[in-house]
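The following block contains the structure, expressed as C-alpha cells.
The chains carry the letters A, B, C and D, assigned in the order they are written, with residues numbered from 1 in each.
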Amino acid sequence: MEQASDALDIYRRQGIGFASGFGARPALLIVDFVNGFNDPDRFGGGNIAAAVERTRDLLAQARQHALPIAFTRIVYADDGSDASVFCLKIPGLRKLTEHAPASQIVPGLEPLPSEYVIRKQQPSAFFATDLAAWLAARRVDTVLVAGCTTSGCVRASVIDSMSCNFRTIVVTDCVGDRALAPHAVNLFDMGRKYADLMTCAEVVAKLRALAPRDRVAGTRS
Amino acid sequence: MEQASDALDIYRRQGIGFASGFGARPALLIVDFVNGFNDPDRFGGGNIAAAVERTRDLLAQARQHALPIAFTRIVYADDGSDASVFCLKIPGLRKLTEHAPASQIVPGLEPLPSEYVIRKQQPSAFFATDLAAWLAARRVDTVLVAGCTTSGCVRASVIDSMSCNFRTIVVTDCVGDRALAPHAVNLFDMGRKYADLMTCAEVVAKLRALAPRDRVAGTRS
Amino acid sequence: MEQASDALDIYRRQGIGFASGFGARPALLIVDFVNGFNDPDRFGGGNIAAAVERTRDLLAQARQHALPIAFTRIVYADDGSDASVFCLKIPGLRKLTEHAPASQIVPGLEPLPSEYVIRKQQPSAFFATDLAAWLAARRVDTVLVAGCTTSGCVRASVIDSMSCNFRTIVVTDCVGDRALAPHAVNLFDMGRKYADLMTCAEVVAKLRALAPRDRVAGTRS
Amino acid sequence: MEQASDALDIYRRQGIGFASGFGARPALLIVDFVNGFNDPDRFGGGNIAAAVERTRDLLAQARQHALPIAFTRIVYADDGSDASVFCLKIPGLRKLTEHAPASQIVPGLEPLPSEYVIRKQQPSAFFATDLAAWLAARRVDTVLVAGCTTSGCVRASVIDSMSCNFRTIVVTDCVGDRALAPHAVNLFDMGRKYADLMTCAEVVAKLRALAPRDRVAGTRS
C-alpha cells in the first residue's frame, strides 16, 4: 500500500518505530476470543478463525513455559445496568452477558484453573480491571498479545499495556479482525508506536531461549 | 479505498457504527498541539498545521460558549526518571521536557488562566492523569477532541474518553497526522467504534443550539 | 476522647475540615453489605446490623427520588486466580466467591434491576472498577456512602470518591464496623479530610429539598 | 488504649491481620515530606519532624542498596485550574503550587537525579499518577512507605499500594502526623488490613539480608 510506505518513510525520518524488546518474564494475554467474535454472522469473520487456530499453539507453549496467562471476555450485566457509551456505538454488545453462548471463550482455548479470566465492558483489557496489578504481582515485564479484533480491543489493550510500562509484543498471526484492511493498518500503527510485532514461531523461539529461572513465573502472593 | 468500503459493509451488517450522540454539556480537549508536533522536522508534518489553524476557530467558539477546556502536553522529567516503554519505541519523546520549546503549546492556542493543562507521558490524555475527574467535576457528558496525531494520542485519548462514558466527538478537520493514510484509517476506526465524526462547522452549529443554561459549564467545586 | 479533641483543635487551627457540600445530583453507594459482613462469626458484629437496618430507609428514599444506586460485593474467583495481597492480610476473603452465601447482599437490601452491582477485590469500590465512569455517565456530583466497614472499605471508597471529584457524604448511621473504636476514629478522619458527615435523616431532608428536575437522575446513555 | 485492644481481639477471632511479608525487590516511597507539612504553623507538627529525621537514615540505606526511590509532592496549578473537592475540605492545599516554598521537599531529603518525584493532587500517591507503572517497570514487589501524614496521604497511598498488589510495609518511625491519636489508630488499621508494620531498623536489617542480585533494582526500560 503506497500510503503505508509513505508513512514508514516519515516515521523513520522522525525516529518513530524502534524496538522495545522482549524481557525476561513474559505473560500471555488473549483478548476476546469468544464465540461471538468467531462467528461471521455476529462480530467475527476475516482472519479471526485462523488467529484462533494459531493461538492454540501459542497457548500450549505458554503453558509449557509456565507463563502467567490471562483471558478477556466482554460481559455486560443481564439487566443492562452497566451499559455504556460503547453500547451506543455497537448495540449488540449488550447481548454479551455472563451466560450467553456468544460470550464464552471459544472451544480449544478454554482457560485452566488458575489462569485468569477478566470480564470487561470496554475495549481495553486494562480499563477498569485489575489486570495491571495482576501482572505486577507476577513481576511480568513483557505482555504477549493475541486475540481480536486487531483494530479494536487488541489495539486498545496494547496501548494500555505499553502505558503500564510492559514491553508489549503483538503476535501477528494470533490476532485477527473481521476486515483485513483495518487488521493491516492497525498492525502497522502498533508496530511503529506501541509494540513489537512477532509471529507465533518467533515468540516460541524466544520462550525456549529464556533461562529456566525466568520460566517459573507463578505469583508470589 | 476499496478495503475501507469492504470494512464498512461488514460493520454495517454486524451493527457496528451507530451514533453515540452529542449531549448537553460538552468540553473541549486539545491533544498535543505543541511546537514539536507542528514541526515537520520533528514529529509534525502532514495535515497537522491545517488542523492547528482550524482549531483556533474551535477554541474561540468553545470559549464563547464557556465550555470547560483542557490541553495536553507530553512532558518528561529532565533527568529521565520517568522514561517509559513509550520512549523505547520513540526515543525523541524524552526531549519533551517542561521547558523545551518543542513541548510548549503552539502559538495561537495558548491556554488562558483556568483552562487546564495536563502533562502526560503516555498516548492517552486520560492515562495516569486526573482528566476524567476534572471532567466529572464539571458534569461534562460530551468530549470534543482536537489535536494530534490522529493515529496516535488522539485515538488513544478517544478510546479512553468513551471508556470513561463520555460521548466523544472527533472534530475531523481539527485533528491531524504527519501521514495522511494513518489519519484516514484511524478516523474510520474511531467513527465506527468509539466516537462520532463531525467537522468544526457542525460542532459550532451544535454549540449554538445548546440551551443557555447548559452553556454555563464552569466548575462547581 | 481527649486525643480526638486535641486533633480537632489542631485541624481547626490549620484550616482542615471545611464542608465540601451537597450538590444537585446525588447517587447512593452501598458498600459490602453482604451476609458475611453482617455475621459476627465471620466479618460482622459491632454496629453493622444497626447500619444495615437504617440503610433500608435510606435505600427506600433513594429509590423514591430516583437516585442512581450502586452496590458493591467482594467477589474473588472460585479458583483463586485473582487472589491478591489483600488476601494475604485477610485470608478468609478468598471464600467470598460469586455464589457463596457470605458474598450475597443482605436480605432487605436486594438490588432492583437497573441498580448496579459492582464486584470488587480490593477495599475501594472505585479501584479497578468502572464506578467512576458509571457515575459520570449519570452526571452525578455527590456520592452518599453507606455500608461497611467504616474503617475499611467505606473509608477506602470515600477517599477515592473524593479523589474522583465527587462531593462525598458519609451517612453516619448507615455505616458500621465490627469494632466501635475504629468506627469512631475513621468517621472523624473522613469528616475532617474527605467527606461531610450527615445522618440518614439529614440526607433525606436534603433529598426532599432537591428541585424536581434534579431528581430525575437516570442515565443519558 | 482499651478500644484498640477490643478491636484487636475481634480482628484475631475473625482472621484479620496476617503478615503479607517482605518480597525480594523493594522500593521506597516517601510521601509528602515537604516544607509545608513539616511546619507546625501550616500542616505540620506532632511527630512529623522526628519522622523526617529518621527517614534520612532510611533514604541513605535505600540508596546504598540501589532501591528504586519515589517522592511525592502535592502540587496544584498556579491558576487553580485543577482545584478539586479535596481543596474544599482543606482550602490551604491550593497554595501548594510548583514553586511555593511550602511544596518543596524538606532539606535533607532532596531527591537525586533519577529518583522519581511525583506531583499529585489527591491523597494517594497512586491516584492519577503513573506510580504503579513506574514500580512495575522496575519489577518491584514490595513498597516501603515513609512520609506524612499517617492518617492522610500515607494511609491513602498504602491502601492503593496494596490494591496494586505490592506487598506494603509502613515504616512506623518514618511516618508522622500532626496529631498523635490519629497517627496511632491509623497505624493500627493499616497493620491489620493493608500492610505490615516495621521500624526503620527492622527494614534496614531486611535490606541487608537481600541477595546481591536482588539489590540491583534499576529500571530495565
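Operating definition for what follows: a residue touches a chain if its C-beta (ideal position, glycine included) is under 8 Å from a C-beta of that chain, and two chains touch if they have at least 3 such contacts.
Model, not experiment: these values are computed from the prediction.
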Counting C-beta pairs in contact for A-C and for A-D, the higher total belongs to A-C
Could you tell me which of A-B, B-D or B-C has an interface matching C-D, in the sense that over half of the contact pairs are shared by residue number? A-B
If you average the Cα atoms of chain A and of chain D to get two centres, how far apart are those centres in Å? 34
So which bits of chain C are touching at least two other chains? 84-85, 88, 122, 127-128, 130, 133-134, 137, 163, 165-166, 221
Taking the touch rule as given, give the residues of chain C at its contact with chain D in the complex, in rising order. 1, 3-4, 6-7, 10-11, 14-21, 42-43, 45-46, 84-86, 88-92, 122-124, 127-128, 151-152, 156, 159-160, 162-163, 165-168, 178-182, 185-186, 188-189, 192-195
Hey, which residues of chain A end up touching chain C in the complex? 77, 79-85, 87-88, 113-117, 121-122, 127-130, 133-134, 137, 219, 221
Touching residues (chain side chain B, partner chain C) in the complex: 23, 25, 130, 132-137, 139-141, 163-166, 220-221
